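Below is one structure; the comments refer to it alone.
Labels run A, B, C and D following the written order; every chain starts at residue 1.
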Amino acid sequence: MANRLRDFKNAFERRVYLENKVKIHLDKISNFSFPEEEVLGRNIENLIGATQIPLGIAGPILIKGKGEREKGKGYFIPLATTEGALVASVSRGCKAISESGGTFVEVENVGITRGPVFRTEGIEHSVKVKTWVDKNFLKITHVAKKTSSHLKLKKLGTRFAGRNLFIRFYFNTQDAMGMNMATIATEAATKLIEKETGAECISVAGNFDIDKKPAWLNFISGRGKRVWAEVTLKKALVKEVLKTTPEKIADLVYRKCLVGSIMSGSLGFNAHFANIIAALFIATGQDPAHIAEGSLGITTAEVLDDGSLHFSIYLPSLIVGIIGGGTTLPTQKEALNITGANSVLEFAEVIAGAVLAGELSLLASQAEGTLASSHIKLGRKGKK
Amino acid sequence: MANRLRDFKNAFERRVYLENKVKIHLDKISNFSFPEEEVLGRNIENLIGATQIPLGIAGPILIKGKGEREKGKGYFIPLATTEGALVASVSRGCKAISESGGTFVEVENVGITRGPVFRTEGIEHSVKVKTWVDKNFLKITHVAKKTSSHLKLKKLGTRFAGRNLFIRFYFNTQDAMGMNMATIATEAATKLIEKETGAECISVAGNFDIDKKPAWLNFISGRGKRVWAEVTLKKALVKEVLKTTPEKIADLVYRKCLVGSIMSGSLGFNAHFANIIAALFIATGQDPAHIAEGSLGITTAEVLDDGSLHFSIYLPSLIVGIIGGGTTLPTQKEALNITGANSVLEFAEVIAGAVLAGELSLLASQAEGTLASSHIKLGRKGKK
Amino acid sequence: MANRLRDFKNAFERRVYLENKVKIHLDKISNFSFPEEEVLGRNIENLIGATQIPLGIAGPILIKGKGEREKGKGYFIPLATTEGALVASVSRGCKAISESGGTFVEVENVGITRGPVFRTEGIEHSVKVKTWVDKNFLKITHVAKKTSSHLKLKKLGTRFAGRNLFIRFYFNTQDAMGMNMATIATEAATKLIEKETGAECISVAGNFDIDKKPAWLNFISGRGKRVWAEVTLKKALVKEVLKTTPEKIADLVYRKCLVGSIMSGSLGFNAHFANIIAALFIATGQDPAHIAEGSLGITTAEVLDDGSLHFSIYLPSLIVGIIGGGTTLPTQKEALNITGANSVLEFAEVIAGAVLAGELSLLASQAEGTLASSHIKLGRKGKK
Amino acid sequence: MANRLRDFKNAFERRVYLENKVKIHLDKISNFSFPEEEVLGRNIENLIGATQIPLGIAGPILIKGKGEREKGKGYFIPLATTEGALVASVSRGCKAISESGGTFVEVENVGITRGPVFRTEGIEHSVKVKTWVDKNFLKITHVAKKTSSHLKLKKLGTRFAGRNLFIRFYFNTQDAMGMNMATIATEAATKLIEKETGAECISVAGNFDIDKKPAWLNFISGRGKRVWAEVTLKKALVKEVLKTTPEKIADLVYRKCLVGSIMSGSLGFNAHFANIIAALFIATGQDPAHIAEGSLGITTAEVLDDGSLHFSIYLPSLIVGIIGGGTTLPTQKEALNITGANSVLEFAEVIAGAVLAGELSLLASQAEGTLASSHIKLGRKGKK
């Protein structure tokens, strides 16, 4: 039966089948503007149509990063969301940041990782395998390189326990997120390692990557891009634009993002990284499963001697690309163009700025105790 | 400037402004089928159009849960994704599961949580506050109840450290995900607690919920729904449908999902929960930021004495609803109808089944070492 | 050969054998004051003598807890350690605390836990087992009670995944740490559960206790005793006794104990709980393996509006007793008497006070940057 | 008053004071064989006597590590404990291991770490500081070297968030545990870094070490020594010596040490590392607060094709030394001599072997369900 879905000629026939089978109408889903033959196989199977998510715009936000080409360039932020208040909140944050001269952003390209697991005969064998791997980095690099001219092996990290050995491959994949090419390159490398060491590769993806799951390894060693953003806001501006004080924001961040997350055993010491990451990822065709990594990180706030607020965010594991995957789809491509980012590093800067803006604005609302009241307003609307 | 975006009359004017400002075309984004006035304010601000995500269908999958109305009812699974192979993979899993008689699914309604943080005078004061809260549960329940007839306070959990006190509110919110009504009810309760105890509520959301961040509190105490799914597959069927053996799958799950995730310090002991959760959440209008919680959990595999495979998944923190939020949007509503779920519990069962299918199929591929090769195929397409 | 060690008549003969075998002298070890026949089998096997650890005294410290019998009673703290500066540091902390009117201490008796693991047929079976356990709490309590009049079953917590089911038993064991009686009672209960449900107990200790390992379950749900201690110190006193300022201590605690521990993925948000716990545990005959749990917890510091320092500690999992185990040994018994604690709860209060003192003094030293210099002094001595 | 304790001339006078003050007798504590003047200041302050802990011997155990000087050399293991059954259990494990030809042990010298925290002006400043540190490793090494000829700086790891910057210093400290000399060297380095970068060192110990607390950083990056030990036992030997089967042990390790610890959110995936580490640390004068790190790690068990059992342990963070600190005390020195270890690496091998033996024996008992029964026996004794 599962076969039958695949056997239909096109989305139209599949919809008709489903409408009769489940006794429903699928009118809205049928409305989409990407070429059916383009997405089939590459992006999806058993296509029946498209999900439409409202797309809003926040910004512009002034970013002082390496992407800063023209002085004072502002970036617009496309956000695909169904959660009221998010776009408005990020916009308010952008306003406060831009009027403070913009945000300084730093991006470190850790690289996408793949972490195969090997079965060895045990510790003694694993020690030999690790020794071989350490000694033959260049040989492994060469094999990986042959699978694609777009990727470069940066480094390896080997760990073992019992009869399990893990190797973490770090790749530079230029402007692509690169998970697929990294997988292909890693598999080629594992074949060599198997041949030379006798270790048996159980899976090219052994959860030492670690992909699409929250993990301290990604927090501590980083994955994809590591990004930081900061801004210093004058006391008066905090009052005028954010309707609160630096003291209240700093006190809230300490009690909520630090102590609160500690009491919860969390890896996310922030207010809502995931909201901004999700809206940006969906809008621009990133892999939404990587929201798991995007929710990791720290928000900090300190009152400086002159009474102004130093506010910052740190994301240790941001997985993004501007070519390949979902970025090739029409609406996603247009959303990427809205940011005007010409490289994945510049795009990572825009994300960092957007997250900073979203954190600043929501925490300001909470510091003022206006969170629920805004929800009441939305809640009512939601009930009409 | 951020204001200006808000001041435009409609999405059309905003697009025109952006097209001129950033020098781009936004033709595809302009194509959407939801009523602009319906989503404004409720789901989004600064609307410019819609993001379209390919929607595919997996299944049907046979589920033996409490939602089982007709014997042998099969459920179709709508998946919005841009990642090739996902829908096909979940479909293959559904086939193997259905041909094995279906999956037994269990859902526990833990309840949505809100966790405000209070500032107290210290430990001595916090002890008094906790005592008052424990003694006045009914009074707090009453206040919460008054904010909405759709929610019920289930229980409270209080913790404190230093001058910080946290109370975790657990709510039954019926078929709604319920975060907003939980926030409103919690804020009403905090006002009472402030009045009676002198503790000052710093934020209604104190990261003791803990919302949209991975955390051990959600893993251990649960949040939203706790769901389990299991299936037992005959050795022959594993061979025929999944092209591998029970032994290989069990060995892989042990080395990758258990040892691999342990070596990474992860809270996700699975292969790719996040992929299925993300595709289902986006298709049906769930909050995609909750993928952070959805990535938590365990996949297990054991070879039974008769050589068959016992395979299961456990998600301790699944945050879903079938009314309100993004579920009211046209394409999302149609996708929900495809599942045929008549309650949030039945919908949670479908998700559990889908995650089981996705895990089973991907792990079978990895056990056979066909992961990268399939990626190569897709990779090529990706490069054309 | 291992047998032979057991076959020797006494410690003397074993020493003689070892001295000849390894060519060493064991004069100092031979000097001990506990009766050989008393400890054999109960506390140790293959006895050859005793390890001697220098015992020092810190305090007195003024404690305002429920153990407070006479107004202003001071407690002396026995510390067995080989680490110079520890006793002096705790003493300085006691002085600052006592001169500030003493510390308020709170103790919650969570209870010692045992967490057996059962193998079930899978999820469907596990649900039935959990249901039976929830319904038959009284029956289980009765069976547990029969094993000892000294313990009481407080509650149960059941979790399951795949074919594994875990039940966390919480016991009140009065003044004993109680691990052994809890194990015996739990095993009796597991026999009943096996008989009634068909689940097979794989081990009475299934790491869901979780015993002698750091774990979020113990941090979040507590184990043994949960203890808090706090003190408020005037700015002048901080300056005079601790040679620093409230601001410096608060700033250090924020950057080191919160942010530093977060960056390390730690469960210990403190300076050196483990040092004080280890010295007190060894001195009083507690199980030193429980230092793993004792290192968990949070130290907080805040500057109040009047410029004074609020300082506190929180240990979520303190495992202690004043009867049984190592507390019956002569020197350990004498050390317990030094504290004057008449109940395990009062003893837990003394520990909480000691930890508070140790944290306060060390953090003050670090805030002043005198840590290494004091180590230099000791370092020199260490080299002579 | 705290002063007074310090002012007494010696331990005798302090005891007399305490005996009168608290109305107790301190006869046993007064009996010790180390020279009072030797320990004062270096190991302890306010000395009143000594704690005596029963010392037993386990072994010998055959170890196939780099320390293996004579073929088939057996090591005796000194264990200071008050917990009955521990020495006997480790001995049984040693017997099973030695009769299987001994254990292969691997030790990696990661190095002791110190992790100061600096306050910077923010991200932009932190980036500059990190760049300077990366560029000036040799200069920093030189400054560190000048503080002691016994230590060598191996590498540095820098992380930052907000206005906090952390640098993890890794030192080779030869046969010493080296925490003190590492602290002194790190402080010298921080002075240089402060001078050159303008970052202000808030504490030389910023919990990025991370010392005496359980943390994923130590698990993932290692600290002190990383050690592994493994053994393969024939099915018949498991039956004869351990009274169980390879299948039962492997099943138990999977359900308890892996799934059980996962369900508890633990960093310890083992049975009782902490018991053996504690007994060995106390016997040989190691710092018992490092039991927090010693409890981290993994025990694995697999049944091989020929039916034999592969059993192993992995400790990622073992903090030990054979000179300095508590190792200089008479009884501790004698215990170290019993092991016959001539270097810290050989000593680490002995510890790894002892932990392997302790894990193997206890897990075998639990697999046979004889844990509680042995406790019943001891329990009775405990009550007489």
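As a convention for this text, a residue touches a chain if its C-beta (ideal position, glycine included) is under 8 Å from a C-beta of that chain, and two chains touch if they have at least 3 such contacts.
Remember, it's a predicted structure, so these values are computed and weren't measured experimentally.
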item: Given chain C and chain D, the chains that contact each of them; value: A, B
item: Reference interface A-C: repeating pair among B-C, C-D or B-D with over half of contacts shared; value: B-D
item: Whole-Å gap between the CA centroids of chain A and chain D; value: 38
item: Chain centre separation (chain A, chain B; CA means) in Å; value: 17
item: Per-residue multi-chain contacts in chain A, two or more chains; value: 161-162, 164, 216-217, 219-220, 259, 263-265, 267, 298, 300
item: Residues on chain B engaged by chain D in the complex (per definition of touch); value: 216, 219-220, 254, 258-259, 262-265, 267, 269, 298, 300
item: Complex interface listing, chain C residues touching chain B; value: 104, 106, 122-124, 126-127, 160-164, 216-217, 219-221, 228-230, 232, 265, 298, 300-302, 310, 312, 314
